[in-house]
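As written, the chain order gives the labels A, B, C and D, with residue 1 at the start of each chain.
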Amino acid sequence: MSKLTIGFIINGQKKTIETTTSTRLLDLIRDDLHLTGTKEGCGKGECGACTVIMNGELVASCLILATQSDGAVITTIEGIGDNECLDPVQEAFIETGAVQCGFCTPGMILAAKKMLEENPHPDEEEIKRGISGNLCRCTGYQKIIDAIKLAANRLSSKNGGRSEKDD
Amino acid sequence: MTERYVGRNVYKVDAQDKVMGKAKYPDDIYFDNMLYLKIKRATHPHAHLRRIDISKAVKLPGVVKIITADDIPQVKNFGLIIKDQPVLVGIGQKMRYMGDALAIVIAETKEIASKAVRLIEVEVEELEVISDPLRAMEKDAPLIHKDGNILATHYLEKGDIKKGFAEANVIVENEYRTTFLDQVPLQVEAGVGIYDEESGFIKLWVASQWLHDTQADVAQSLGFPKEKIRIIQPVIGGAFGKKEDISVHIHLALAAIATKRPVKLTYTREESMIAQSKRHPFIIRVKTGATKEGYLTAWQAEVIGDTGAYASSGPAVVHKGMYHCTGPYNVDNVKGVAYTVYTNNTYAGAMRGFGTTQMAFAYESQMDILAHKLGIDPAQFRLQNAYNIGSSTPNGQILTHSVGVKETIKKAAEIAGWKGGLR
Amino acid sequence: MEEFPQGLQNSKDFSGGDSKKCQRTVPCQGYFAPQRIEEALEILSRYGKEIKIIAGGTDLLVQYYDRLYEINNWLDLKNIKELKEVKINKNQMIIGAMVTHTQLESSEDIKTYYPVLSQAAADIGSPQIRNRGTIGGNIVNASPAGDLLSPLMAYDAQFKLQSNQREMIVPAEEFFIGPKKTILQPNQLLTRIILPLPEEKTYGCWIKIGKRKALAIATIILALVVKMAEDNKTVKDVRTCLGSVAPTPIEIKEVRKKMAGKNFNQLDFAELGQIVEDKISPIDDIRGTREYRKDVAKEIMINALEEIDSARRERNY
Amino acid sequence: MKKQGRGIATIMFGFGYGEGFPDHAIASAEIEEGGKILIRTAAADVGQGVLTIITQIAAEVLKVKPEAIRIIPGDTHLTKNSGSSSATRQTFFTGNAVKEASEGLLSNIYHYASIEFRSNHVELGIKDGYIFRNDNPKNKLSYWELAERVKERGDSLKAEASFFPRTDIPDPKTGQGKKVYVAYTFVTQVIEVEVDTDTGIVEVLNVYTAADIGKAINPKNVEGQIEGGTVQGIGMALMEEQVIKEGITLNPDLTSYLIPTSMDTPHFATLLVENEDSEGPFGAKGIGEPATIATTPAIANAIYDAIGVRIYHLPITPEKILKALKEENKRGNKEGF
C-alpha cells in the first residue's frame, strides 16, 4: 500500500486528496468526503447501492480503485437536485411510493437518470434492464418502474417530446 | 365519515431525505478520532477453543486493542428468548457455528483491523459437526448445548384426529422441505458506539427492530443498568427480521469502554450472511383428510425446524408455523407437534412470516393436491373450506370479526379471470 | 433531541482542493497509469509478478475484496487509448483489450459481423459491470463461466500477447489451460483480440442459462457459429463452443465432423444435441448439477440449431 | 417448449406476538413550539412506512395537515417502548396507541378551550389546527396559542396512551386458547407462470392479489408491501437458498445467493378488501408479513398446473424441474402417490 495524491471533480467541485493504493473509490467518497448517499451493500458489484456516474458512465464505485478516479468527473446522489428543486426522477420516486427502506434509492435514481438521458422514452422492458444492476429488497421494483415512467413522461413533455411508449 | 388523510396516498414522510441521499444509516455515521472494529470469528463450526494467540496481531502498527473473552469475565450471554449466545468464546468454551466471535480487533483503520484479524492464531479441538437436524435429534448425537439438541417441543390438539381421518374419503400425506434463507436487508449490520466515562453512559447508534428490547439485552449482558445504555435509531435500511437480534451492539459497547474513543463496526455482506440470523429450514410432514364432497376432516402436521447454533426467536418461529398448519380453513380435527432443534448451522431467527411462510408452502400444496384428487376446482375447494365468522383456528380461537378470507378468494379469482365458476 | 453527528461538519475540510488545479497522477510508487503500451510493458518487465494489471477491475476487486492491501503495485491500463479501439484491418477485426462490454454491445460492426459476441456482451452482469468490464479482462481472468470466451472461440479468435522482448499471437483455444489459468506470463500483456472477418453466410446463436435474468453467472453457455456454402444449404464449417461445462471454454469438435458438408435440411438436431451432451463432463457446483448441465446442453444445442435454421431460411427470401 | 400455468394460494396470518406474550405500544402526542405536533414513539421504520402511517393517523384525529406532525427518531431515552417492527404489528399496535394519544390530546384541547371560551364542548368547532366557538368562528385560537395559555395555567397540552390488548397463553399440551392472536390477515394470490421444459427455467408472469387488510391507511404503502413481499416470495420459491454444508456456508455473497432483480419482477394487479371491522386504527390490520406468504405456494401450484409435476423441496430450481420431468416421463402418472 502506498500513499499518493489524486485530483478529480465531484459534484462540480474540484478536489485534491491524498489516498492509498488499496482504497476503493467507494471508500474515498464515503470515508474521506463523507458523501454517504453512496452506499455499500455488498462490496462486489452485485447490488448497485454504490452506483455513481463517472466520466458520464454508470459505475459501481466498489469496483474502482480510488487511484483510478484520478482526473475523473464524478456525480453522486448529492450532486442531483437540491432542497428547493428536486430532480424530476427524485420527485417521481417520492410520488409513486418507490422508496421504502431507501438504501438502494440513491443508486437506483442515478441508474434511472442515466438511462433516461440515453433513452428518454424507455418501455417497461428497457426500464427493467436499465436498473438491473441495482437490487432492491423492499419494493419488488414495481413502484420504481412506475416512478421512472412518470419521470420519463414529465421530462419528455417538458422537452416538448412525445408521450410515453405503450408497453 | 370521510377521512382526509387516512386512506389516502400521503407521501412517505422520510422519502425526501432518502431520495437526496441525506438519510443517515448506521454505516453513514462518522466521528472524529473514530476507531474501527473487526471480529475474529470461529474457525470451525463445532469445536473447543484451546488457544488463541493475538501476539502478532497486537504488534501490527495501528492496532489499538484486541479484546478476548479473558478480558471480559463479567459479560454474560445474550439472546432474544434464551440467553444462550456468548459475546466472545473463551478458552475451553465451544464455538458452535462459523459466526461465533472469538476476538474484537480495534484499530485506527478498517484495513489495519482486517489485517490484524488474519494474524490471530487459533487452535481448536474439533467435534462432530451436526448440520442435519435429523442427526441432531438422534440419541447418540453429541450435545451442542448441555440441555439437549431439541430446544423446544410444542403440541397442538383439537378434536379427534383418528375420527377425522376415519371420516375422510381421501387422504394425502407428504413431506415438504424449505431451506435457509437470508433476509438480505441492503444495509448490513453496522453501528457506532461511544462511552462517556464521566456519566457512565454508553451510546449506540445501531438499527434495531425493537429498541427497548435490544437495550435490555445489551444491559443485562454488560451488567449495566438499563438507563445507562442509550440506543438511538438511525435510518434502518431494511430488516425483514434480521435486525431483531443483537449483532454489533455489545462488541461496540465493549470496544467503546475499552478505548474511550468512538468506535465503528460494519459487517461485510459475507459476515452478515454467516453470522446473523436466517429463515429456518423446515421439514414438514403433513397428512390431510377430506370427504368426497370436498370438506376437510382432519389435519396432522409434524414440524422440525433447524434453529442452528443458538435459539434466537427459534422456539417461537417453529411453533407459530405449526399453529398455522391448516391455513385459513375449517378443520375440526387437528394434531401437531413441532420440534425446534439445535445444529451447528448459522442460527435461524425471524424472517417475514415467522415460520408461517414455510408452513403455507405445505398447506397450500396439500390443498391443491386434494383439489386435483377430488376433481374440484382449486379455488372453489378453498372457498368452500375457508373461514367464516364463528370459525375456529387450529388453536381453537373462535373468529368473531374481520374474517375476509372468502372475499379474498373471490376477488383474486375475479381479477385474474379465473374460470372455475365459484359458488 | 439527540442530533446525529453530521458528515462534513465533523470531519476534515477538503475545500482546499478548490483553489488548486485538478491534478493528474504521474506514474509513481504503487500505481502506474501509462499512456503507451511500450511504457506498460517496460513497467511490467520491471515488476513481473510484483504488479497487478488492472483493466475494468470488475473481477479483480471482487477477488481481492477486503484485502486490496495485499497488492503493492498496480498497472492501470485506462490511459492507453489504442487499447480501447475496435477497428477493421483488411480481413480482420482488431479489438483492443480495454474495449468494454458496453462498447462491444453497442458497436455496429460487432453486431453485424459477430452477433454472438455482441449478445454475449449484452448479457453480462449489469449496466455498471458492462461499463467497466473489458474484453481483455474477461479473457485474462479465464473463468470457466466467462461470457465472452465461448463466442471468441467460436469466431476463431486469436490473442496478441506482448512483452517488451517479443510479441506472439495465439489462438483462443490454446490460451486457456485451466480454471482461471492461462498461458499468459507475468511480463506479458494481452493487447489485442484478432477475429477473422466472417464469410457472408455465417450464422450464429448465443444461449446463456443462468438462475435469474440479470446479474447472473452462467450455469451453461453455448455459442454456435455455422458457416454455410454459397447455396445457403450446405454446411461448410461449424464451431460449437460451450462455457461452464469444463475447466476452460471448450469446442465440441465431433459436431464439426457430423455437420461439415451436410445439407442443413437433413441434419438430425437431436443427434447433434446428444453429441454435445455426451462430450461434456461438467461438475456439480452451486450454479448447477452435472446432470442438469448435460441435459440442458442437449436441449439448447437443439434450440440453437433450430434458431440458425430459421435465420437461414429467412435469408432465402 | 414453453408451458404456461396458473396457481392459487390463500393464507392466514395471526399477527402481533399473541400467545399471552406481553404486547403493547406506548405513544404520546404534544403541542410543541414552532407550529408542530410532536409524536413520540419508538416504532422502527424499517422501510415499511410506519412513521407515515402514524403521521396520517395523528393528522386525521387532530385535524391538521400531515406536515404539522413531527416524529422524532426512535431513542431509548426519548421515546417509550412501542414493541418491535415485526409480527406485522406496528400499524395495529402503535397505530392504535398514536390514535389514542392523539384523541387524548384532542380531548385536552377541547377541555382547555372550553375554559378559554367559557363554553361546553358541543359548542366548539375545530378546523385546521384552530378551535373556536361555533357561534363566533372568527374568534379562534390555534392549538399553539392555546398551548401558551395552558402553560400559563401551569399545565401542558399533551397526552400519552398505550395499547395493550390481552391474548391467552395456549395450553401447552394442546395449543388451545381463547384468544391466541389479536387478529388475522388473509391474502389470496393467483399467479401465472411460464415454464421452459427444455431448461426448467420458470418465469413469473402475472400476480393477482386480494388482501383482507381491514382498512388501508395508505393504499400505496399496502401495495408496496404486497409487491415487495411477493418478489421476496418469488426468490424463496425459485432461487434463494443459503447452502450450508457441514456448518459452512458455500454461498455467502450476493453473487451466489441470488435474490430477484428488476428483470425477474412480474406484472401486478392488487385489490384490497376493506371491511373496516378490525380493532385496529380505523379498522386496519397488518400486511407486512402476509404480503410474502402466499407467493411461494401459488408459484408451486402454478408450476404444477403448467407441467404436471410437483416439487416438494424449495427452492424450485431449474434442475429440480428437469429432474422431476424426466422421472415423470418414466412413470407417466401424476402427483406421484
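Heads up, the rule we're going with is that a contact is a pair of C-beta atoms (placed from the backbone, for glycine too) under 8 Å apart; a residue touches a chain by one contact, two chains touch by 3 or more.
Predicted, not measured: the structure shown is a model, and the values here were computed from it.
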Report the most central chain, judged by the distance from each chain's C-alpha mean to the global C-alpha mean. B
How many angstrom lie between the centres of subunit A and subunit B, each centre taken as the mean Cα position? 32
Subunit B to subunit C: how many Å between their CA centres? 41
Any idea how many Å lie between the Cα centroids of subunit C and subunit D? 46
Let me have the rounded angstrom distance from the C-alpha centre of subunit B over to the C-alpha centre of subunit D, please. 18
In subunit D, residues with contacts to at least two other chains: 46-47, 49, 75, 77, 220-221, 229, 232, 243, 253-255, 259, 261-263
In subunit B, which residues are in touch with two or more of the other chains? 9, 11-12, 14, 24, 28, 30, 111, 184-185, 232, 234-240, 268-269
Contacts with two or more other chains occur in subunit C at residues 2, 7, 11, 62, 65-66, 69, 213-215
Answer with line, ring, star, complete or other to describe the graph linking chains that touch. complete
Complex interface listing, subunit D residues touching subunit A: 46-49, 220-221, 223-224, 227-232, 253-255, 259, 261-263, 265, 268
Where on subunit A is subunit C touching in the complex? 1-2, 4-9, 13-17, 21-24, 32-36, 43-46, 48, 51, 57-60, 62-65, 67-68, 70-71, 111, 114-115, 129-130, 132-135
Could you pull out which subunit A residues touch subunit D in their complex? 41-42, 44, 46-47, 96-97, 100-102, 127-129, 131-132, 134-145
Which residues, counting only subunit C, touch subunit D once they are in their complex? 1-2, 62, 209, 211-217, 219, 286-289, 291-292, 295-296, 299-300, 302-303
For a test of understanding, state which residues of subunit C touch subunit A in their complex under the given definition. 7-8, 11-12, 14, 16-18, 20-25, 28-31, 33, 54, 56-58, 61-62, 65-66, 68-69, 71-74, 76, 78, 102, 125-129, 131-132, 213-215
